[in-house]
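Here chain A shows up in two complexes: once beside chain B, once beside chain C.
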Partner chain A sequence: MATVLIENLTKVFPPTANQPNQVQALGGLNLSITGNVLVAVLGPSGCGKTTLLNIVAGVEQPTSGSVRSVQDGVPAHISYVFQEPRLLPWRTVVNNMIFVQDRKSDRSRREAEFYLSMVGLGDVADLYPSQLSGGMQQRVNIARAFLVNPDILLMDEPFSHLDALTGRSLRDYLQKIWSQTRKTALLVTHDVNEAVELADRIIMMRPGGVIFDDIPVNLPRPRHPSNPDLQFLQNDILRRFDSMEAAVRFGVG
Partner chain B sequence: MSDLSIVTPDSVAQLSDREIRRSIRRRWVTRTSILLGWGAFIGIWYILSDIVFRDPRLPSLHLVLQRAGRIIATPGFGSDLGNSVLRLLGGFLLALVISSVLGLLIAYSDWWRNLLQGFLQLIVSIPTIGYAVLALVLFGISPIGPVLTTMLVSIPYITLNVAQGIAGVDRRLIVMSEAFGRTRKQIARDVLLPSSLLSLLSGARLAFAVAWRMELLSEIFASSQGVGFQIRSSFERYDTQAMLAWTVIFVALMLIFEHLVLRQIDRWASHWRSAEPSATR
Partner chain C sequence: MTDFSSLPHLPDSLTDTAARSVQKTQTAKPGGLFSRPWFLRLLAIAIIIIVWQLVALTNIRVPNIAEVIRFLIIEISEGTHGGTFKGLFWSPIGNSFMRYAIGMAIGVPIGFALGILIGTSTYARGLLNDTTLVLLALPSVVWAFLSTLWFGLTSEGPILAVVLTAAPFVAVSVSAGVRNIDRSLIEMCASYRVPLLRRTQHLILGGTLPSAITGTRLAFMAGWNSLIIVEWFGATSGVGWRARTLYNFQDYPGFTTWILLFILLIMILDRFLLRPVERRAFRWNEPPMLTFAETDDDSNASTNNSGKRLRKRQD
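After this line comes the complex of A and B, so read on.
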């Protein structure tokens, strides 16, 4: 079983030419995620969500505190769905998939094509990324993350660059593929709809990298945005954010 | 009645016909202008050789070409040409290797950038004849001079292009590769190299154009073999026909190499850029 254990995590960015003061992105964050759940970290832009994800992925170092990602006592295998597709433009779609595989074999291509077909892209394996639409490229991004069979899946606002209709269709693909693989997943988003539609648990963050709320989402899958329970939950979450903002404004947060 | 154009299958077909005609016309204009350019070159040559200077100061083009044919048929031709090409390729390949390392250093380190920038500017600003004379002074009549001078003049062009190519690599692709646990070697081979390959190739083509001129010049001054040496020998005999014939042969060979090898490599390396958008998008 995969676990992500985050203790007293802080990240402070030093002053730069564009930003004369140091910036606290994460302020002593504690979080524990265990099992085959999809956890959404929800918060406004600039509240430290992506920094948190980058530190969990190991591509950024914390100022203090610790992150442990383990699967049955050994370091967990992590993969990432980025905000933008981040595909190598000189490689075909299938070769972009194979690039992230640890062991290349005769089966690599078949495995890559299997995950591409799961996101409805079985027939574009030999095209270059520039030949695909933005939504199709993002589906490759999702398929690539699942291909490496990760213990933990990190997703950084994967639908934020897409129009609403394409974003909704991709969320359906993600729900489908996640339901079949049930990976421990951490999704950061600023979109309340996205969080309630996809997550089993929603962690709410405010600027300064502080968690102010943590709620479970016990709704059956697949979830449709028109479900009244989802809409009720969205309103509840928005109320919680309003209360948090008011509390911060009046110095009680 | 308003003149609104209505999009129908017929109008689309007409439009594509128009497009095809325009494309054919463009191709013919290009071909005609190339032919006109060559025609003008040949015409000017004949005006200069038959009216202004006359043989033997400037022989007619057909005489030069006939002489080139006779030179190619001589037994020693292969050895002279082979020597020149080997020196050129030797110097050029050395420059490619050294420049790739220097380009990496410049792209990743301010210290190296500051150290090498002045040095590279100096190399570019020295006239090529200066190198040829210096090679003669330092190495005498030997193959080392032409190889080293060819290498030296090629280095700045390739280095700066490599550095520019590496500096222009999309950082997000490197972060993606790191997030998926790719090793440094894999990132260098699969991300950095392909990202900067087009810059490297454009620098290499530029450097090659300078390198073969430098090679020829070095041989004129500091060699006892090769095309450059043959040009000097012809000049010393006041045999303008042979001098121009050797030059024409070498230039033709370099142009063929540029078109058949360097441009094809360039086309191969950038084939993904010209991929047509898919009908399924």
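After this line comes the complex of A and C, so read on.
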């Protein structure tokens, strides 16, 4: 069983050329995720979501605090669905997939093609990324993350660069593929719809990188966006954000 | 085992017609010969030849095309230009190409290694960047005098000049290529724990290859120029030496013929060796960096090596 344990995590970015003041991206985060759940971290743009995932992925170092990801006592194997496709433009789709596999074998190509077909891309294995639309590239990004058979799956707003219709169809692909694999997953998003449709638990974050609420979502899958329960939950979450904002404003002024 | 048929799809017909109409406006061209690159190229050559003939009419020292062809025939057949002065064709070309090949075979890999070093290590950059720029800025004629001084009238001088001219061209473009590799792709490799060797091979080298090839093309041009100049001043064989000998004899048709041969040889090399290699390296559909690489027949930069247009698929 995979666990992500985050304790007192802070991240402060020093001033940069186009940003005269230092920025606190994460302000003392505590979070524990265990088991075959999909957890969404929901918050507005700039509240530190990408920074959080980068630190969990080990791409960025925390200023203080700790992150541990373990699978049965050993460091967990992590994969990352980025906000943009991040494919090597000079490698074909299937070679992009095989590129991140830890061991290469005769089965590599077949495995890659299997996960491509899982996201409806059975016939583009030998094309270059530039030959695919943005939505198709993003599906490759998702398939690649499942291919490496991770213990923990990180997803950074994987649908935010897509138009609404394409994003919705990709969400259905993700629900389907996640339901079959049930990887421990951390999805960050600014989209309330997306969070209620996909998550088992929603963690709400506000600017400055602070968690202010944490609610379970006990609704059966597959979920459809028109489901009234989802609508109800969505309104509830929006109300929580409103009262948080009011409280912050009251606290400051 | 898995049923994918129930997965949602966007209507194919919708996006497909959109794609097709875009294609139509792209391929539709105004008719007429003047829109054809090959015709424009022929036209340019014709204009150059006509202007040349007009200049030849008015200036006694400029030979016309007939004189050049007559001279060329004697050179190729190794006949006599009058008296004991014999034609020479294959040996100057052979000598020059031998030096050129050796020089490029040494200079391009050195430039590549330097470029990777300068691109990846800040120490190497501090140490080597200025040296590379100095080499790039140094006129070839300096190599001619230095190499004559060091080696006398041998082949080592011209070869060294080719190496020292070609390497910095390759180094500069390779280091730029390395530094331009997308940081987000490096992050991607880090988060997936892609092994260093594979990362170097497929991210660093793969990402650098196009600019490396563009730089190599430039290096081939510059190396050839440099070779001819060094041969002109400091050699007893080769294309540059032959052109100088004829110039000294005030044989203007001969001199002109060899200058034209010099240009023609590098153009043939570029067209039939370097450009196909470059097109292969760019087959994943990034337009080449040099604009003169795009003047290719009726096609444009978005063709791959088999001439097929890379067509974007839609969701």
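Basically, the second predicted complex is superposed on the first by the 251 of 253 C-alpha atoms of A that agree within 3 Å, B and C clash if a C-alpha of one lies under 4 Å from a C-alpha of the other, contacts with A are read in each partner's own complex, and residues count from 1 in each chain.
To be clear about the criterion, a contact is a pair of C-beta atoms (placed from the backbone, for glycine too) under 8 Å apart; a residue touches a chain by one contact, two chains touch by 3 or more.
As the structure is a prediction and not an experimental result, all values here were calculated from the model.
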Fit or clash - chain C, chain B, common chain A: clash
Which superposed partner A:146 touches (first chain B, second chain C, both, neither): neither
In the superposition, chain B vs chain C on chain A residues touched: C
Partner chain(s) touched by A:99 [first = chain B, second = chain C, both, neither]: both
Which of chain B and chain C A:117 touches, first, second, both or neither: second
Chain B versus chain C as contact partner of A:59, first or second or both or neither: both
Partner chain(s) touched by A:176 [first = chain B, second = chain C, both, neither]: second
Partner chain(s) touched by A:159 [first = chain B, second = chain C, both, neither]: neither
Partner chain in contact with A:82 - chain B first, chain C second, else both or neither: both
Common interface positions of chain A, toward chain B and toward chain C: 57-59, 78-80, 82, 84, 86, 88-91, 99-100, 102, 124, 127-128, 130-133, 136, 148
Contact set on chain A toward chain C in their complex: 54, 57-59, 78-80, 82, 84, 86, 88-91, 99-100, 102, 117-118, 120, 124, 127-133, 135-136, 148, 165-166, 168-169, 172-173, 176, 180
In the complex with chain A, residue positions of chain B that touch it: 172-173, 175-182, 190-191, 194, 272-273, 275-278, 280-281
Complex contacts: residues of chain A adjacent to chain B: 57-59, 77-80, 82, 84, 86, 88-91, 99-100, 102, 123-124, 127-128, 130-133, 136, 148, 154
Complex interface listing, chain C residues touching chain A: 2, 4, 7-10, 15, 182, 184-185, 187-194, 198, 202-203, 206-207, 209-210, 283-286, 310-315
